[in-house]
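Next, two complexes with chain A in common: one pairs it with chain B, the other with chain C.
On to the complex of A and B.
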């Protein structure tokens, strides 16, 4: 067995778009949907310096699924997702509580909240569900390659595609509508909470709303495609966009572009190397970030070096 | 000034987003149409392509299908099915296969849910353990959970051949008789294997018939061949053993005078190595638990990539370690 499979342009760059459109194309579309939704939320998280909140939420869902299992006694996905969502929002409330009523800063509060909740989950599983195969890997983490296999949802005679795809598309549409409605509030409370409060905007309600949105996005994506994609795609699109421009609307649009390029790059990489498509998409996303870092017209290393050479 | 900018920006964004929603919806519609095109031609002369999850299931399919089938196993040697991650080419194989065979009883974790939905939607998908009577299975915790490691009771696993034959017959009715006769032939052959295992285990002195392993995969083996089975970790390999568990197991090994403990090819050895050291006992050879060996490697005349070779080497190692 060779480490790197044979490379052929036909197989890697043409087949995924033609004969593989229902497998590779579908996976790329799902990755794109996750990247879009998570990227939109992620842009605001980065502005608020709360980028790790997504990471925290994806860890702290364990006690949620353990409690859901203990209450319902089943590993049905509905109860698990609800438990995960409640745990995700509880993480946010805990972080808020610690930040507000102690001298601990938000970054440390995030660290305290999610590690404690995760440990609580480990203890719950060990004590109450010892003989059962219960952990978020096997219960909640979806797998990207399994999604195109799912039988499609039908709306009348129209086939809409696998259920996770439909759910993610619905979440994206809802996210976009919410963003369009509350754009002004989100932007102002993120950039300048003091001014926003002075102008009479409900700063803390907006914050709770954003966290609710984040929890929904993380749990839905988690359930569909697993943890790697979610954590990475929360940060990478927004971070790449932030390097390229200072203005918010272009940032959001660039985040979407980054999500699309990551999905497509990941698709070709996973075909070329026959590896996990989720991992490949994150590698591609990281590569696009590196390119932006090096070549961004305003802040990139290469243009800066070029300018300083001209000045010397 | 700021408000003016913001409202202009938000109006522009709204327009922008409506356009992108439209694009996404169109793309969705297009892809949906593409997925609908079902696959699976049934030319009588061609091979039935079977996609199996673990090696043990693939071996069953090869034995029962004979020359009429081409079998691919998703999980290779040394892969832990509890922790398996599918790749892009796995997906293509699963989509193109005429028949998907999996072990079932939650061995494959969440993949099983996908498989069950696929079966309800009309694809040919079968769990080889589905045909077994529920009271022949070992309980694993509450809520009707069963221990999935059925293959270590040779007779029980041989009975799974019927489910495989029926599943293959569904795909290729013309060869149904050939599949059924190969299945009953296989059951006769594995009856012999079962007797051989029983005879080998009886070579171990009765007080020493205690099998200590890393995770709880040998419940069926113990029940079928009269050995007490003790494992450091539970059914799942994810939860680590606690300190009390380790101390308890060490005391147990000392008090019973167990001569050796056994590591597994697909599970981390650290915990059990520590116990072997503390209790002052030997480490017996590594056992196969949730995967077969590498095809082509031999144990005597038997290929380790087959079910029979895997069982024979496990049993020889257990007997040599404990005798």
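On to the complex of A and C.
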């Protein structure tokens, strides 16, 4: 048995787009949708220096699902999503509460909230193992390869695709709409909350709204890529875009481009190495980030080195 | 009411631009501002001076409702501040924001218009025209498309000032607008503030440098947790009151003595 399967251009680069498009293409599309929505939210998390909130909220998904199982005894997607969403938003409120009513600073409060809630989830799953038939691996790593196999949603006679795809596409459309409507509020409350409040903008409502959006993005995504890898998809698109441009709208657009390239790169990588497609797209996303870091025309290491060499 | 002048023509008593009654602000149960009572006259350039930790920034933030008050109230133009926000302009401390933020100079000045733009709307062509005009007033128009991280400290301060001008307010609070600017910029900023005052605006400006405070401001608010004095500069810029404000800080007091002597000459 070889560690890396034999490389074949046909199998790695051509087949996924032709014979394998139903499964590979679908998985790449789901990953792209996750990366898009998460990347849009993530851009604002990065600006607000709240990148860790993504960690916190994604870790709270496990206890949320566990509690939802205990209460409803149902493995239906509705209970799961609701449980995860309530837990995600509760994490945000817990972080706010700790920050406001104790001397603990926000970064430490995030650390406290998500590690404790995650541990609570682990304990719940272990204690009620007989009643909670929950695959922790699925929650943490997602089940992307299963999504193309799900029966598609039909709108009349039109087949829209597997339910997770439809949910993610709906969330992306809603995200873009919300962003267009509240762009200036998000921008000003991120840049200068003091002025925003002085102008009468609803600063804390915008903050709660952003956290709500983050919770929705994480909950819609964990099913596909898992609660751990979603953290990477929240931060990598925005971080890569931040290296490449100093303007906000181009940053958002480049985040989407990064999500697309990560999904496609991940598809080929997962075929080449015969590995988890979710993991492979995050590895691809990390690779794109590294390339941007090295070769960004303005801030990249290599162009800077080249210029300084020319100057010397 | 569209301005202080409009109020005076309608007859009856004119509400002062700012009225503070028994304002106390506490931070973790420790008062940082005690029983502030004052009524500001309209059309004055007012300096807020006092030692570090005197509560100068706190006073400004509490006036604008950015900090919770333990007691007391603040009114602007006769109404609670929350109802008068459209008439109040704000220049926060320059270090209070991240200058690596991915926006241009023009974007920042347009933010001053956000209070008027309204929900779900984008700044209009008129908002852009006003923003350009305000940038021109601080001689920053050539930098309109610059990314804000490529500005010097003085340029950043002027961008903040342009943003406050774009708010088109009648009452301004400015937190150390002279911090980190060179002498030439400081002179042009003070000329701009005096121009606003001459158009009937009221300005509260936190200022650090005592010797220039006497020349710059019409009125002074001497602050050290409490209001030590509030009145026309000529009346309150006295060694006695300054000593009460700053305590026994010798270097500063000799500086002031020097300044007062220079004034007597």
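Structural remarks
Throughout what follows, the second predicted complex is superposed on the first by the 288 of 312 C-alpha atoms of A that agree within 3 Å, B and C clash if a C-alpha of one lies under 4 Å from a C-alpha of the other, contacts with A are read in each partner's own complex, and residues count from 1 in each chain.
The rule we apply is simple: a residue touches a chain if its C-beta (ideal position, glycine included) is under 8 Å from a C-beta of that chain, and two chains touch if they have at least 3 such contacts.
Please read these numbers as outputs of a predicted model, since none were measured by experiment.
By the touch criterion defined above, A:73 lies against chain B but remains apart from chain C after alignment on the C-alpha atoms of chain A.
When the shared chain is aligned, chain C comes close enough to touch A:246, but chain B does not.
Touch criterion met: A:197 reaches chain C, while chain B stays clear of it. By the document's definition of touching, of the two partners only chain B reaches A:256; chain C does not. Of the two partners chain B and chain C, more chain A residues are in touch with B. After overlaying the two complexes on the shared chain, residue contacts for A:184 are found with chain B and with chain C alike. The residues of chain A shared by its contacts with chain B and with chain C are 184, 187-188, 248.
Looking at the complex, you find that chain C touches chain A at residues 61, 64-66, 82, 85-86, 88, 90, 92, 96-98, 101-104, 107-108, 111-112, 114-115, 117, 119-120, 122-123, 147, 149, 163, 167. Here chain A touches chain C in the complex through residues 47, 181, 184-185, 187-188, 190-192, 194-201, 242, 245-248, 251, going by the rule given at the top. Taken in their complex, chain B has these residues touching chain A: 6-7, 9-10, 12-14, 16-17, 20-21, 24-25, 27-29, 31-37, 82-83, 85-92, 94-95, 106, 109-111, 113-114, 117-118, 120-121, 123, 140-143, 145, 234-236, 238-239, 242. Against chain B, the residues of chain A that register as touching in their complex are 20-27, 29, 33, 73-74, 77, 125-126, 129-135, 137-139, 141-146, 148-152, 158-162, 165, 169, 172-173, 176-177, 179-180, 183-184, 187-188, 248-249, 252-253, 256, 270-271, 274-277.
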